[in-house]
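In the two complexes that follow, chain A is the common piece, with chain B as its partner first and chain C second.
Entry: the complex of A and B
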């Protein structure tokens, strides 16, 4: 797994690629949490991953909790249907913001 | 198909490659490959991380079969007795502040599978999972 980080319009965009599973969850956690520690506007892109297991979902939830407590904003963007269905069955669609694109996520950041 | 797996987390990438070949060879749609590999990740990772208490190398078995309707997965290990079906489901309706961080893995497996069965036979854990290949379950 590789994690790309970019800053656009004052929002840190994190893009993991490949498998987000137990073997890569630590790297994913390090990438996401270091972004959370330096910015309170975070977007995570999901269109370059093969799948996300519960180990990866755990990291997304941790980031969501941390940003909620810091009055920051986390938006999950570009999520393919197969990945969205896993977020939905986990109940994450009710507690996290999910948006089709970065463009549409700006309503939350502004 | 039988795959022998060592209790090393690095095994996941080999499993992904082998299961990808199995799915392509059997005409299983890409969407279903995603579900199968996710289910395998959850259950295989459980065995690798928790079944063996010593530092030794161990090997366990993964059987994969397909018929007209389903893919059947069977995981057999000789680690300590563990019935994942006894694990409590997470409360998926709680708020983000109250939401617990663990317990999602086997819950996702149960959601994606038609059948999940556990038995302890001859000091082995046997986990059988059936995933429908074509029919979508529920409202997914």
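Entry: the complex of A and C
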């Protein structure tokens, strides 16, 4: 797994690639949390990952909680159906903001 | 980088200490080397009792005895320390014996300190490498200890494999991945006719997951004895887990009550894969219900009860995502289609046999790939009701 980070319109966009599972969750956590520590507007793109396990969901959740406590915003974008079904099964779609694209996530950041 | 090495020098000649202090005065001042000096064997042995040295420099003959035995003894006792032998007379046969006995290097007397400085530097770097290897080994063994502890902990919280009573028969099992996950199942009698069953999966691995699993399991069982409804039980488990969860760990779970008098299952789901019903000659049915939300995340969630009426001969399977998400060496997942097919083809087997067949099919599919997650299943067979003939 690799993590790409870019900044667009004051939002840090994190793009993990490959599989986010037990063996890569730590790297995912380090990447996401370091972004959270430097910016309070974060978008995570999911269209370049093949799979996310519960260890990865936990990282997303941690980032969401941390940002909420910092009055920041986390939006999950470009999520393929397969990844969305994993979020939905755990009930995470009810507490996390999920948007089809970065364009549409701007309503939350502005 | 300055490496600090402690060095013991054993030599009965009076001026040795002065020569060393003079030759290495810069390294002593900047802390690279720390020297201790002994003139007799017993003095040296006293040093070893109280200190750890990286390098031992000794004359080939001390107190009239050659140092072969001393060096080989020290090598056994202090495998991380290296010895350098100083020999005045170029006695090749003794030198060879000392080297064979485990000395790391030698130097000819009178010592050329420029040359000896090189020898010392090289020896220090060897000792440093040895120390790194030792550190890495310790870390590895700590990790394998941790894996061992979590594997034992995980196994110890499982209640056994089998329940048989009246019209029901249950078989449950959990196969741990190399890095133990946080899967667990449970069953416990709530009354003569009501059996609680649990299937759960904690996020994360190893000791932290095993500890969280133990807490979750204990809470579920405790609240199950207080609240009649599975949903109410999970409302309380969830609130309690949310209250003391700074690490954002969570657990997905299903808790159900099998009522052998009313012939139904009342269950609630907290973000867990759905219950599957297996009937002969039919496609297995993944029961639809409100998936709720994993426990330990959000205090305000409310859970709902769902009821499934048993039909004679059918089986109900609870499992963790280790089943559909088992991944083969090409990165493909086992997925619900294969899962469903195996269940359909073996719908008439016993709970034990169908579980075994499923696990074998997953193992066959993932052959050559490491098992990435625990595979945990609980299969309940509802047999034909035994009607009593007593009038």
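Note that the second predicted complex is superposed on the first by the 110 of 110 C-alpha atoms of A that agree within 3 Å, B and C clash if a C-alpha of one lies under 4 Å from a C-alpha of the other, contacts with A are read in each partner's own complex, and residues count from 1 in each chain.
The rule we apply is simple: a contact is a pair of C-beta atoms (placed from the backbone, for glycine too) under 8 Å apart; a residue touches a chain by one contact, two chains touch by 3 or more.
Source: prediction; values computed, not measured.
Enquirer: Where does A:22 make contact in the superposed view: on chain B (first), on chain C (second), on both, or on neither?
Expert: both
Enquirer: Look at A:68 in the shared chain and tell me whether it touches chain B only, chain C only, both, or neither; answer first, second, both or neither.
Expert: After superposing on A, A:68 lies in contact with chain B but is clear of chain C.
Enquirer: Who does A:96 touch here: chain B (first), chain C (second), both, or neither?
Expert: first
Enquirer: With the two structures laid over each other on chain A, which partner does A:85 touch: chain B (first), chain C (second), both, or neither?
Expert: In the superposition, A:85 contacts chain B only.
Enquirer: Once chain A of both complexes is superposed, is A:33 in touch with chain B (first), chain C (second), both, or neither?
Expert: A:33 sits against neither chain B nor chain C.
Enquirer: Identify the residues of chain A that lie in both the chain B contact region and the chain C contact region.
Expert: Dual-contact residues (chain A): 19, 21-23, 50-51, 53-55, 57-58, 61-62, 65, 89-91, 94-95.
Enquirer: Help me check something: in the complex, which residues belonging to chain C touch chain A?
Expert: Going by the criterion above, the answer is residues 179, 181, 201-205, 248-250, 252, 270-273, 291-294, 297-298, 301, 321, 325, 327, 331, 333, 372-373.
Enquirer: Quick check: in the complex, which residue numbers of chain A touch chain B?
Expert: Per the touch definition, chain A meets chain B at residues 19, 21-23, 50-51, 53-55, 57-58, 61-62, 64-65, 68-69, 82, 85-86, 89-91, 94-96.
Enquirer: Could you pull out which chain A residues touch chain C in their complex?
Expert: Residue list for chain A touching chain C: 19, 21-23, 25, 50-51, 53-55, 57-58, 61-62, 65, 88-92, 94-95.
Enquirer: Which residues of chain B touch chain A in their complex?
Expert: Checking each residue of chain B against chain A gives 9-10, 12-13, 16, 31, 34-35, 37-38, 41-42, 45, 48-49, 90-97, 99, 101-102, 104-105, 107-108, 111-112, 140.
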